[in-house]
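Input: structures, listed below.
Paired with chain B in one complex and with chain C in the other, chain A is shared by the two complexes that follow.
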Partner chain A sequence: MASFTPYTYIQCPCYDLSNQTRHSDGSPSPTSQDLPDDDDEDHAFDPRSPRFNYSLYPLEYLLYCVDCHQIRCPRCVSEELVTIYCPSCLFEVGSSSVKTEGNRCTRSCFQCPICVGPLAVQSLESAPEASLLSVDNAAASGPTGPWALTCSYCNWSSAEVGVKFDKPQGIFAQLSKLRNGSSTGTDVSLTSGDVSPTKRDANIPKPESTRARFSALRTFNQSQLANSNTGSSMAGGIGDYGFSSPAALTRIMSIYSGSTSKPKNKASVMREADVPNEGFRTSNLDESESILKLRAGGYKGTVTMEQAASQVEEGAHFADELWPVASLLRTKRAKRCPACRHILSKPEAKVSNTRWRIRLVAGNHIPSVTIKPLPTPGVPLLSALAPLKPMQYLLTFKNPMFDSIKVTLATPATTPGRFSSKVTILCPQFTVGANSDDYDLNEVLKAEDRDQRDRRREDDGSHQVEAGKVFERGRNWVSIVVEVIPASLQIQPAPSLLQKAGEPEPDLAPLREDEDILEIPMFVRLEWESEPSQDQVGVAPSSKEKDAKEKRELAYWSVLGIGRISQE
Partner chain B sequence: MASDPDARPTLAHRSVSNIRAGGQSSARDSTSGAPNTPLARPLSSSVLGSPSSARAEEEIIIIELGCRKLRVGFAGDSTPKRIVAFDSEHDKRAGDYRAWEPGYEHDWRKRTAGKAWGSDHELCQLDVRGQDLGLVGDKLERVLRDTFTRYLLVDSKPRRISLVLPPAAPLPLLSSTLSTLFRNFQIPTISLLSSPAMATFAAGVRSGLVVDIGWNETIVTAVYEFREVQTWRTIRAGKMLLEETRNFLVNAIQGRTAESQVEGESTPKDIISFEECEQVATRMLWCKKSEKTPKQSNTEGLPTLHEADESDTADPAEDSTPTPIHLSSCKPSKTIQVPFSQLAEPCETTFFETRYAPACFDDHELPLHLLIYRGLLQLPLDVRAMCMSRIIFTGGCSNVIGLRGRIFDEVSLLAQEKSWDPIQGKGADAYRNNPKIKRNASRQANDGPIPIIQQTDPSGTSGEEAVPLDPAHAPPEVDEVEEHIRQEKNYRAPVQGVLRAIDSLGPWCGASMATQLKVPALAVIERDIWFQQGVNGASRPNEVDVQAQQKQQRQSMGAGGLIRGQGNQATSWTLGVWGTV
Partner chain C sequence: MSSRKQVKGEYIETDTGNKVSRKANLIGTQHIMLGGKTVIMADAMGSSGAAPQSNTSIFIGRYCFLSRGCCLRPPGRIYKGAFTYMPLRIGDHVFVGENSVVQAATVGSHVHIAANAVVGEFAIVKDYVRILEGTVVPANMVIPSFSVVAGQPGRVIGEVPEGGHEQFEMREMYKTVGNNVPPPAAPAAQAV
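Moving on, here comes the complex of A and B:
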């Protein structure tokens, strides 16, 4: 069994809100009707409920809004784009070109469709020649001939699927030309998003690729809409004024040409597309070729689902239908508090710089919890918890703030779920000293030294674990003891004598994933007094007492993963 | 549904008001909650300015919602930016990196213990009883946020969303989805589009029979002029196919033949993992041709010649060369050798099951070809004529090689054998073949290679038809309106009455195109109203007086020039077909 590292998860308080709205929206959902008693249990915090997987975060994932004094999780921040760039060539891309050209790098960054390795442009012809040529010759002529994208990891080459390039630059454009038909005219009209009616009559080749078909079909529909709109009454013409240019054009023309030439009242019928140029295609139902191909290629000749999923367009089935995948652009994002618009984190705009300008991590504002087993003399430490044997764990709260905080903890006496272990926090209320940065390191070290010596002297007699008392205390940290009695993981029906009539059937399903982990739900409430924040002083200047401290509190649920209970 | 104005893409003025409302409500977001007087609407640049300005700022996101997959992208794109397949990796806690530990894949038995087969890989079940709808919302939220961040590269600005849904999406699910979207993403309006209508739109036609072979069920929908006329469904779809594949693979692993297995007994679920089963199913399954091929209709042109090698000439259906398939999730990992012809078996049992008489099947488990045939048979005559020549296959399982052709052939066979006669059985046959009561009426329906709808089938309504002047033979009256339509310069007679399958770009592409062309959606839900009223605030679609609504809009348009009133959107809004309980 893999070793287990104790962990702490924190639930962002934004969860509660969402839970309430879900209940109050009063949807006549069958769940609430069928299981009315489930609603009450919902409020008890069960970390194993599948929904909580979506709202529990490690401390490192959380941000903290210093204005609202709230934890902000990735679900409750609003984001702004700072930079869009290609992770492969680190080229910065403007947001407007993302809109027109898509979310992939349009330079020569490609990923292998078989593995995920980066592809390099290599000449197909002159690779053997290069070694023979002398240096100056090579510089003069260079490798020529068709080029292909090759993967240096799995040796896949785009020549395998018949993709070769004339020149080693602008691979993306060449590839999209190969893929979407040679006509660049359709591409232009596609990206500009505005197809003028004249272009429609241009010689569009029979559309083969999805993209070409899509644009053909769209042009067709647009022309049909325009036709039917001009045919309809004046109101209809106004109605779509400004939105479909052909209609607008005819309307303007009709204004200038005077009211004498009214548009035809006869509404023309919208017809269906029925030629390939209009994007229409009958299905090719005879797929015997594919069957033969499947037989010839076997299992290895088909693409795995992961490979198919990484393709830009869906529908690849055989290995020779895989195209190089242009690498996906990435973004740097600034995050704001949704309530007060305060910036929570802001990265440096430069692509190559990985620093943050502003980053308000929750780790600087709420105490971190570390868990370790309290060694009891005589009992060897096991990797797994023995069921039904009391174990003591040391929780260390470390205060990152410059104010001392009062911590109040609460846990249910038994953990929720099928296997309920008993949990006792020996000291649920304590104060953690402030973290200060204006100390002299030497003094601190000396003080700590002294502390330890003192403690050792105290401990010499008895290493007492006492209820209501802090186990250990430092300058800005406090350790307390929590005692657990792990439940037994045996699944057996209760003796029929003990079963009450009204009780639901006990759940006798086999052990589910992670059900053997002892997880303690713990409600943490923090209270501290801090300087009034700058904003509030600005709002109400010279109010009553300037140096009065403001009382703050923060409360959240957290989950402590203690360890695995061993199964006998 | 017949009174739905939205199916017609000509009502452009409605779309304008929607768009403007969308822009407005984003500005109003901060003052949401309290009832407020509609802000005075200035003549915004989008009305009088250049048309391109309206386009530039609009960036509508299209989401196609399925039980297994989610397609997300921008309106106007030809392909979705991302297709998400739900899997068990999506429901991990943040910061859970155990998937990278060595040996993680081999622990799948432990992870799936106590869960329904494949339930990790679904967004939701269609049976919402006892389902945690909050969990559905959470799953959706996480996947969408990830997609928006990594693939769409958008920030949290308000943008509109078009949601493509199967028409029978359960109301609680829809409610949960809408709540999630409105609450977690700054969305001013969500429009709902129906996926069969969009699939027909993406095929370039206005009517069609959409056969959506999906995950939970296969839905056959007859769409006529973008209106869903009728739907039929069967559970023979992806889920069943995967279960058949599992049975098939487990038998192969254990060295049993399919015959030795007891009928109806399903194999244990912990022998091979769902993921691997799906791999094999998507990669290797194929579908045999039907045993009797229907008489070729000459619409297809010449049959394609197979220029196959000499070695390949054997019919794949009889080919027993073993195909190696490496399976790593069984214990120990094993390479099974399956005769190629047998790889068509799961498809056969899932979708066709020709061994049994049609009477054996319950209503919910009709084989596909039978379902399509019966569906067509139930349709009104002219609708059938249009639909039968516009059969559109969509859905994930329609990609199984040969499946579409097979279904089509089976349907043509059925139509040839039985014609389009709703009365079947021995009695009807005897009656038909009885020379004594044979009328002199010529029955042409059975003569053509493919049954052609020309006149009402007289066999069902006999009796009075013995009169010498058979109205079926009277020349039809000249319809002046039709004559006018025929004289239009762009008129081309629609293909009808012939069985024909056409290719669609899929519902997502249809929605993308429709949204870009400003086709009004079936239902538009606004954020504020949703938060105020929730799902119960939606009026029944038939309660909303569409005509009055249109009238009012039109009037205000005439009176105030270009300034339009808000309509009565605030008072009555619907969920379209999804609101009908």
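Moving on, here comes the complex of A and C:
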């Protein structure tokens, strides 16, 4: 069995949409009103319930809005593009060129269509072996064309599908010229109909490329619209509004100009495209060639779903129809709070810069929880939890804030789900000290010294698992003990005597995926007193104001993944 | 405890804070440059042919951690008709897991390479990249910052979240290795 690392997931309040909006009265903490849930009584939080899909995140994925004082997750934040760049050549791409040229790199960055490895431009003429043989020759004259894209991982070469290039630069332009028979970008001359692919191994003249067909169809449709609109020149026919921008514009203009001319009832007949020039393509019903190809190439000659999906243009069925895939652009994004639009994270705009202007992560505001099994002498640590045997775990809460926090924990007595394990938190209420950031070495050393003395003192007498007591404590961390009695994973119907009449039939399905993981839902409630928020400080930074501390609280559900229960 | 208190410690500790295991297989040490505070564990391999222009062929920054059995090897190719090694540059706070092979041209700072991974020749790994276990990064691949890479061949499967940057920090880990290390304190060093 794979090793299991304990985890803690924290629930973002966005699972319940009513929590997301900030209260109009500007109350500082929406949680205080909302989160001590009313519906807790009828259905406790079940981390496996589909209702909570995508609302549980590890701490590092969560952001924290300092205005709303609330956790924000990747699902509920709104994102804004900061930079668009190619992940391969790391060139920044302007948003305008993305609009015209698409979301792929237009330099020489390509991915292998077979695997996804990067493709490199290599000369076809002087293979590496040849240059090894005749060292002087190769050294004298550099490699010459034709060039092909080759994959360093699976050794696929674009020459296999007949794609060769005359020069090693500007591969994207060359490739789209090969493919579309015209230059990239705006296809102006495509309606002329003389577009023919120059792919070499194509025996029959293939239908036009998708891009060419699309633009042909678009021009055709626009011309049709223009023709139909001429009839209703300035009147702004209701019948065709919304079809194309000129019509919509005339309609709006007529509204604002106040002309009350009645829309003419005009039969705007639009014709469908029916010749190849207009972007029409008859589907090829004669599949004998494909069948022949299948016979020759077999299953290996066909493409997988994944390969076909990664292609830029659709319609590839055989491996020799796969073209190199230009690498997709990637973005740097800023994130905003969904409720107050406050920026939660904002990276530096430059691609090479890895700093962040703003980064409000939840890890700086809520304590991290680490889970460790408490070693009991004489009992070996097993990779899986033995069912029905009490086990003790150490939960360590580490406080990242500069104020000490009061933590209150709550769990259901038994975990939800089919196999309910018993859970007891021995010390559900404790205070975690502040995380002083001053690097006064003496202070820290002293504190650490005190820590150790404390620990030693505890070692002497107690340091024992005792209800209501903190197990261990440091400057800004506290360890408490949680005891679990894992459930047995045996699936058997309860004796009929114990079954009540009204109860639904017990679920006797076999063990589902990950159902053997012991997950404890835990409600965490934090209370702390902090400096008043920044806007107030700006007004009057008097000493009196500073003393007045603001009481804050935050509450959230979290899930502790303790371990797998062994299936004996 | 007794194994730690050997007469000669398990590690050679230099003035700049490097801790190099005596059992590490370093070949061509004159071509390897450590930036300081770097840990090289037992059986880690660093082999280096000399790069043509400079004497150093492996540069390693500060707070790097080379686990057992990992192998750093400068990439090589035919250059002007002869097989030549090119330098391998590694930034700060780089973790290389057990039995991983790194032949990259550049590995940035704050990079985590898990166990049994292969980073192919002349790959460029930028900052804040996490390469998961068993990944094979193809040769010449460029991995942009804040990527999570997995698979064979390796591909970018996700982004490093904003809150995950501190996990790349290696200072705590550096303290856990050495000749006279205090017994581990109670709080877990790394938050999972």
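Note that the second predicted complex is superposed on the first by the 430 of 568 C-alpha atoms of A that agree within 3 Å, B and C clash if a C-alpha of one lies under 4 Å from a C-alpha of the other, contacts with A are read in each partner's own complex, and residues count from 1 in each chain.
Methods note: contacts are C-beta pairs under 8 Å (C-beta built on N, C-alpha and C of every residue); 3 or more make two chains touch, one makes a residue touch a chain.
For clarity, every value in this text was computed on a predicted model and none was experimentally measured.
In the superposed pair of complexes, A:P74 makes contact with chain B and with chain C alike.
Shared-chain residue A:E314: touches chain B; no touch with chain C.
Residue contacts after overlaying the shared chain place A:S215 against chain B, while chain C stays out of touching range.
When chain A is checked against chain B and against chain C, the one touching more of its residues turns out to be B.
Shared-chain residue A:L63: touches chain C; no touch with chain B.
Judged by the touch definition given at the top, the superposed model places A:N103 against chain B, while chain C stays out of reach. Shared interface residues of chain A (contacting chain B in one complex, chain C in the other): 60-61, 74, 330. Residues of chain C that touch chain A in their complex: 78, 80-82, 110, 120, 126-128, 136, 138-147, 153, 155-156, 161-167, 186-188, 191-192.
Partner chain C is touched in their complex by these residues of chain A: 5-8, 59-63, 74, 85, 87-90, 115-118, 120, 128, 131-132, 135-136, 138-139, 151-154, 330, 335, 345, 351, 354, 356, 359, 361-363, 368, 370-372, 396, 398, 455, 472, 474, 477, 479.
Residues of chain A that touch chain B in their complex: 2, 9, 18-19, 21-22, 25-31, 34-35, 50-51, 53-58, 60-61, 74-75, 78-81, 84, 98-99, 102-103, 190, 193-194, 210-211, 213-215, 217-218, 220-222, 225, 227-229, 232, 235-236, 238-245, 247-248, 266, 268-274, 278-292, 294-296, 298-299, 302-305, 308-309, 312-315, 317, 328-331, 333, 509-513. Across the complex, chain B meets chain A through its residues 9-16, 46-52, 54-55, 59, 76-79, 81, 83, 85, 91-95, 101, 110-115, 128-135, 137-139, 141-142, 145, 149-156, 171-172, 175-176, 179, 183-184, 186, 201-206, 278-280, 282-284, 286, 289, 300, 303-304, 306, 308, 312, 316, 319, 321, 323-326, 340, 393, 399, 401-402, 404-405, 408-409, 484-485, 488, 490-492, 494-495, 500-503, 505, 509, 512-513, 516-518, 534-536, 554, 557-558, 562.
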